[in-house]
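One chain, chain A, appears in both complexes that follow, with chain B as partner in the first and chain C in the second.
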Partner chain A sequence: MIGYLIDGPLWYFSLAVFSIGVVWQLVAIIFASRKTDLSVARGSASRGAIRNVFSRFIPHREIAPQIRVQVVAGYMFHLGLFALLFFAAPHVIFLEENFFGFGWTAMPHWGFILAAQFAFLGLIILWLRRMLNSVSRLISTLDDHVAAILTFVVMLTGCLALLEGFHELRLLHRFTVELLLIYFPFSCLMHTFTFIPSRAFTGAWFGRRGIDS
Partner chain B sequence: MSERLQKGLEVLRAEVDSKVQSFFSSCVRCGVCAESCLFYTETKDPRYTPIYKTEPLRKLWKNEYSFWGKLTGKLGMTKAMTEADLADWEELVYDGCSMCGRCSMVCPVGVDIAMIIFKVKHALAVAGFSPEGLVETTQRAIDVGSPMGVTLKTVQAVIKHVERDTGLSVPMDVEGADYMALLSSNEIALYPEYLESLVKIFDHAGVSWTLSSEAFEATNSGLQIGNKAIAGQLVQRVVDGAEKLKVKTVISPECGHAYTALRWEGPNFLGKAYSFKVVHILELLDELRAQGRIKTTGMETDRLTFHDPCSIVRRGGVLAQPRNLLEPITENFVEMTDHGSMNWCCGGGGGVSGNERAEELKHTAFNRKKSQIEELKVDAVVTACSNCRMVMEDGIEANEMDMPLLGLTELIAEHLAEDRAE
Partner chain C sequence: MRIQTLLLLLCLALLQFQAYAADRPPPAPGMVSTVPGADLWREVRQRDGMIIDGISQVKGVDTGVLINAQGDKWARFRINNPVKHAPTVIIAVVLVLLLFYVIRGKVGIEGGLSGRMVLRFTDFERILHWTLAIVFLFLAITGLVLLVGRPLLIPLFGKSAFSMLASASKESHNLFGPIFLVSLLMMLYSFARRNIYEKGDLTWLLKGGGFIGKGHVSGGFFNMGEKSWYWLVILVGLVISISGLILVSPNFGQGRVIMGISHVVHVLGAIILMAVSIGHMYMGSIGTEGSSEAMKSGYVDINWVEAHHDRWAKECHQKDQVISAEEFARLQGTSLDRANVEATEQAK
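== the complex of A and B ==
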C-alpha cells in the first residue's frame, strides 16, 4: 500500500508541486514591479547581465583566500550532487524510463563512489561551518538547516538504495526525494534557479556603469 | 502600531520589487559577503555582515511575500514586525555601513546587497531612525543649501582668493556655457585648492564653463541619510540651475555621493531624464587629456598610490580615468594590492563621516586602509573624493602616520605646462 502511494500518487503529487511551484515562484519574481533606470548608461546592461551569470562562478582574486572553505566545499557538494543526479546509473535508467525516453552513458561505479564522497564531504563541511562559524550562525535560518538535512537524508537513502536486494530502501529514497521536491519551491533551495536572475540583475546594474562585476 | 513603524513598513513594502524578491530567494546565508566588508573584517563582529544589515527588509519580504509568510499570515501566526526591528538596525546600517558596495561584487548568487541596504536606509530615514548628526546636516542642506552651512557668501570669498592667487577670473552664472561646475561643501571649506585647480586647468584647456550662484552645491545629504525625497529635492536644485543657465553638461566634483546622486540616481529620484549630460571631473579631465587639450610637464618622483573612492569607481564606473591621468605625471606609481573596483573603502562613506556616534567604529574600520597603505611603503596617497580625503587624513592623524593625501585634480593642475595645449 505504502509502496503503491510512494511509487504512484505521491510521486505525481510531488512532481506537480515542484514544477508548478518553481514556475510560479520564478514568474512571480520576474514579473514583479521593476522600474526603468532613467540614467544614461555608460556600458551595456545586457552584456553585464550575461557576463555576471557566468563570472560569479569564480570568486574575485581579492577575496578568494578568505572564502576557501565555502568555495571548495561548495563546489565539492554541488558538482558531486550534479554528477550523482544525472550520471549515477540508477538515475540514468530512472530518467530514461520516466522523463526523456532516452539515456546516456552512466558513471562507472568508482565514479559514483567518488562523486558521493565529494558530495557528502562538501555538505557536511558546509553544514558544520554553518553551525560553528559566528557569521553563519547569526544569519542562518531554520530553512537553511531543513534544506541541508533533507538533502543529506536524500543522499544517504540513495546510498542505502544501492543495496538493490531491499526494495524498501529504494522506496525510502524515493519518499525522501518526494519530500524534497515538495519542500523545494518554498525554500532557499530555489537558489538553484533564482541565482540566474539575481546575477543578471546585478551584472546589468554594474554593466550600465561599465564595471565588470 | 506606532506612526513611525507604519511609515517605515510602508517604505519597506514599496521597496520590494523584482530584484529584491529575486535576491532574497537566492541568498543561502553563505557569509561570503562578511569577508568583503571592512566593518566586519576589522571588528570580527558578525552583526556587520552585509546581508545581516538587510534584515528589516528580509523580514518584511518573508512575512508578506514568501510562501511560508503568507501561509502563517492566513493562519494568524505571523510574528509581526515591531519598532525594534527598525530601531535596532539603525546602528548597523548607519554606523556600520559606508555603502561601498564591495559586498555586491562578491556575492556568489549575485545579490546587490548595497542596493538592499540603501532601501532599508530609506525606510529608517522616513521612520525617523537616523543618527542625529545626519538629520541636522540634511536639514541644513535643505534650509541653507549646504550640509556644512556653506553659503554663496562663503563661495564668493573662496572665489576672491582664487582669483587673486591665479590672476584668472572665475565665471559665475554665464548662460550658455558648455559646462556648469559643482563644488562640494568639503571642497569649499577644506580644500579650496580644488577650485583653484579647476580654474587653472579650464583656462589652460580653453574650456567654456561657469559656476551657478543658485546651484553650486554638489553634496547630497539626502542620499547619505537615505531619504530619496530629500535626495531628489537636492538634485532638482542642480537641475534647475543647469536648465536656467542652459549648459550642455554638469560637472560633478571630487565627491563620491554627489556623483552617485547626480549621475546615476538623480533621474530616478526625479522620475525623468535630464536635458543635459553629467560627467565626473575625472571623466572630463581624461577627455581633455585624450584630445590633447591638457599638456603636462614634469613627473612626481615620489612613490604614489591611488585610493579608489567607492562611489566614483566601483559604484560609479570611473575606473580607467584616474589611471590615465596619473600615468603622464607619475614615474613611481604602484597600485594597491586590492585596487580598482575591488579596492577597500576608506570607511567614511554613506554618511559615516558625518555621524559622530560612528567615530570610533570608523577609526577601527580605517585599519584596513591603513594596512593597504603600509604594505606598499608609499610616500603619498592620491585620491579623488574630498570625503575620502578628509576621512583618511583623520585616520592617518589618529594613527600618527606620516602620509600626505593628494587630490588628483590638484596634482594635474600642479603639472600643467606653461604653454597651453593647442
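== the complex of A and C ==
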C-alpha cells in the first residue's frame, strides 16, 4: 500500500507541484513589474549580463581568501550532486524510462562513489559553516537549514539503497525525493533555476551603466 | 622337437613374470575407515594452520587454497571477542563516566566565568572538528550495526528488517569511510604543530590533569591530556582508515589472511576510539565548565583559560587578546543581556 502510494499518486503529485511551482516562480520573476530605465546607456547591457554570468563562477581576488572554504566546499557539493543526479547508473535508467526515452553513458561505480563523497563532504562543510560562523548563522533562515538537511537526507537514502537489493530502501529514497520536489519551488532551492537569470540581471544593470562588475 | 621348443618358450615366459613379481612390494594390508577420505580432507583443510598453495586452473589470489583454516580462527575470534565484548566496553565507559559525574560533579572554575573571552578556535578549525565528529559518529553507529547487529538487533527487529539495515549500514559505512580519512588528514595538517609534546606536559600527566591531589596544574594551549587524545585520534584513526581501505578494496591483491587481520585491527581500533571519544564528549560538554563554548563560538572565558591553560593565558594577556563581554556579544550578534544570561547559566 505504502509502496503503491510512493511509486504512484505521491510521485505524480510531487512532480506536478515541482513543475507548476517552478514555472510559476520563474514566470512571476520574468513578468515582475520593473521601472523602465530612462538613463542613457553607457555600455552594453547584454555584454554585461553574459560577462557577469561567467565571472561570478570565480570569486573576486580581494575576497577570495576569506571565502575559500565555502567556495571549495560549494564546488565539491554542487559538482558532486550534479554528477550523481545525471550520471549515476540507476538515475540514467530512471530518466530514460520515465522522461526522455533515451539514455547516456553512466559513471562507473567508483565514479559514483567519488562523486557521492565529494557531495557529502561539501554539504557537511557548507552546513557547518552556516552554523558556526556568527555572521552566516545570523543571516540564515529556517528555510536554509531545512533545504540543506532535506538535500542531505535525499543523498543519504540514495546511498543506503546503493546495493539495489531492497525494495524498501528504494522506496525510502523515492519518498525523500518526493518531499524535496514538493518543498523545492517554495524554498531557497529555487536558486538552481534562478542563479543564471539573477546574475544576468545584475550584470545587465551594471553593464548598461558602464560599471565593470 | 616342436613340443620341446614350445615348452622351453613357456618356461622362459613364466620366469619373466616371476622376476617382475619379485620387484614389486607386497600388497598393503586392507584398511577400514569409518570416514572415507578423512585423511584427504584433513590435508585439504590444513589443520596445522599451514596455508598450502595447490594448483588450480583459476589464477588469482588464494585460488590455490581450498579451505582456509585461518578464516575459521578469525570467525571464532570475531564472535568470541569483539562481538561479545564491544557493547560491554561502551556501556562500561558510559557507566564509569556517570559514576564519576555523580561523585566529582562538573569540574568548575574558581571564581566562575568572567564573561571576558579569548579566541581559541577559528571557524575553519571548528568546521574540521565537527566534520570529523559527525562522520565518526555516523561510522560508529553503522559499524556497530554491522558488528553486533546480528545478536542484538535480530531479536528486536527480525531477520528481514535487520538484513535491510545491515545492507544500508554497509553501503553507507563504506562510502563515508574515505571522508573520515580526508577529515583526519586535514585535522593532522591544521592541529599537529600545536600538539607537539613540550616541557611541563609530564607534570600534568603525573598530577592526573588536576584530578589527583590539590592545586593548579600548568598547561599550554593544549594540555597533555588533550595532546594525547589528539594523537590517539590521528594514529588510531589512520590505522582504522588504512585497514578499512584494505577491507573495502579486495581487488588490490590482498588475500583472505590479510583481510582477516585488517578486520580485527579495524574493529579493535574502532572500539578503542569509540570508548575514548565518549570520555572526550563528556569532558567537552557536561564534565568541565566552560569547555563546550570553545567548539561552539570558538571563544573561551579567560577564567577557564587561566584554570586549565595558564601558560597560554599569559600569552593572551601579553598579546592583549582578551575581549570584553560587550565585544564578544557584538561579534556573536547577540545582545549583551543574552550573553550574560548564557554565561550565568553556564556558571550554574
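Convention: the second predicted complex is superposed on the first by the 213 of 213 C-alpha atoms of A that agree within 3 Å, B and C clash if a C-alpha of one lies under 4 Å from a C-alpha of the other, contacts with A are read in each partner's own complex, and residues count from 1 in each chain.
Everything below uses one rule, namely that contacts are C-beta pairs under 8 Å (C-beta built on N, C-alpha and C of every residue); 3 or more make two chains touch, one makes a residue touch a chain.
No experiment lies behind these values; they were computed from the predicted model shown.
Of the two partner chains, neither chain B nor chain C is touched by A:85. By the touch criterion defined above, A:165 lies against chain C but remains apart from chain B after alignment on the C-alpha atoms of chain A. In the overlay built on the shared chain, the residue A:72 is in contact with neither chain B nor chain C. When the shared chain is aligned, chain B comes close enough to touch A:209, but chain C does not. When the two structures are aligned on the shared chain, A:93 is found in touch with neither chain B nor chain C.
Touch criterion not met for A:27: it reaches neither chain B nor chain C. Contacts of A:113 after superposition on the shared chain: chain C is touched, whereas chain B is not. In the superposed model, A:132 makes contact with chain C only, not with chain B. Comparing the two complexes, residues 133-135, 137-138 of chain A contact chain B in one case and chain C in the other.
The part of chain B that touches chain A in the complex is made up of residues 16-19, 21-23, 25-32, 34-36, 40, 44, 46-47, 49, 51-52, 66-68, 104-112, 115, 263-268, 271-273, 277-278, 314-317, 319, 337-338, 341-342.
Chain A contributes residues 69, 113, 116-117, 120-121, 124-125, 128-129, 132-135, 137-138, 156, 159-163, 165-166, 168-169 to its touches with chain C in the complex. The part of chain A that touches chain B in the complex is made up of residues 25, 28-35, 37-40, 42-43, 52-53, 56, 59-63, 66-67, 70, 74, 130, 133-141, 144, 185-186, 188, 190-191, 194-195, 197-203, 205-206, 209-213.
Chain C contributes residues 123-124, 126-127, 130-131, 134-135, 163-164, 167-168, 170-172, 174-176, 178-179, 182-183, 296-298, 331-333 to its touches with chain A in the complex.
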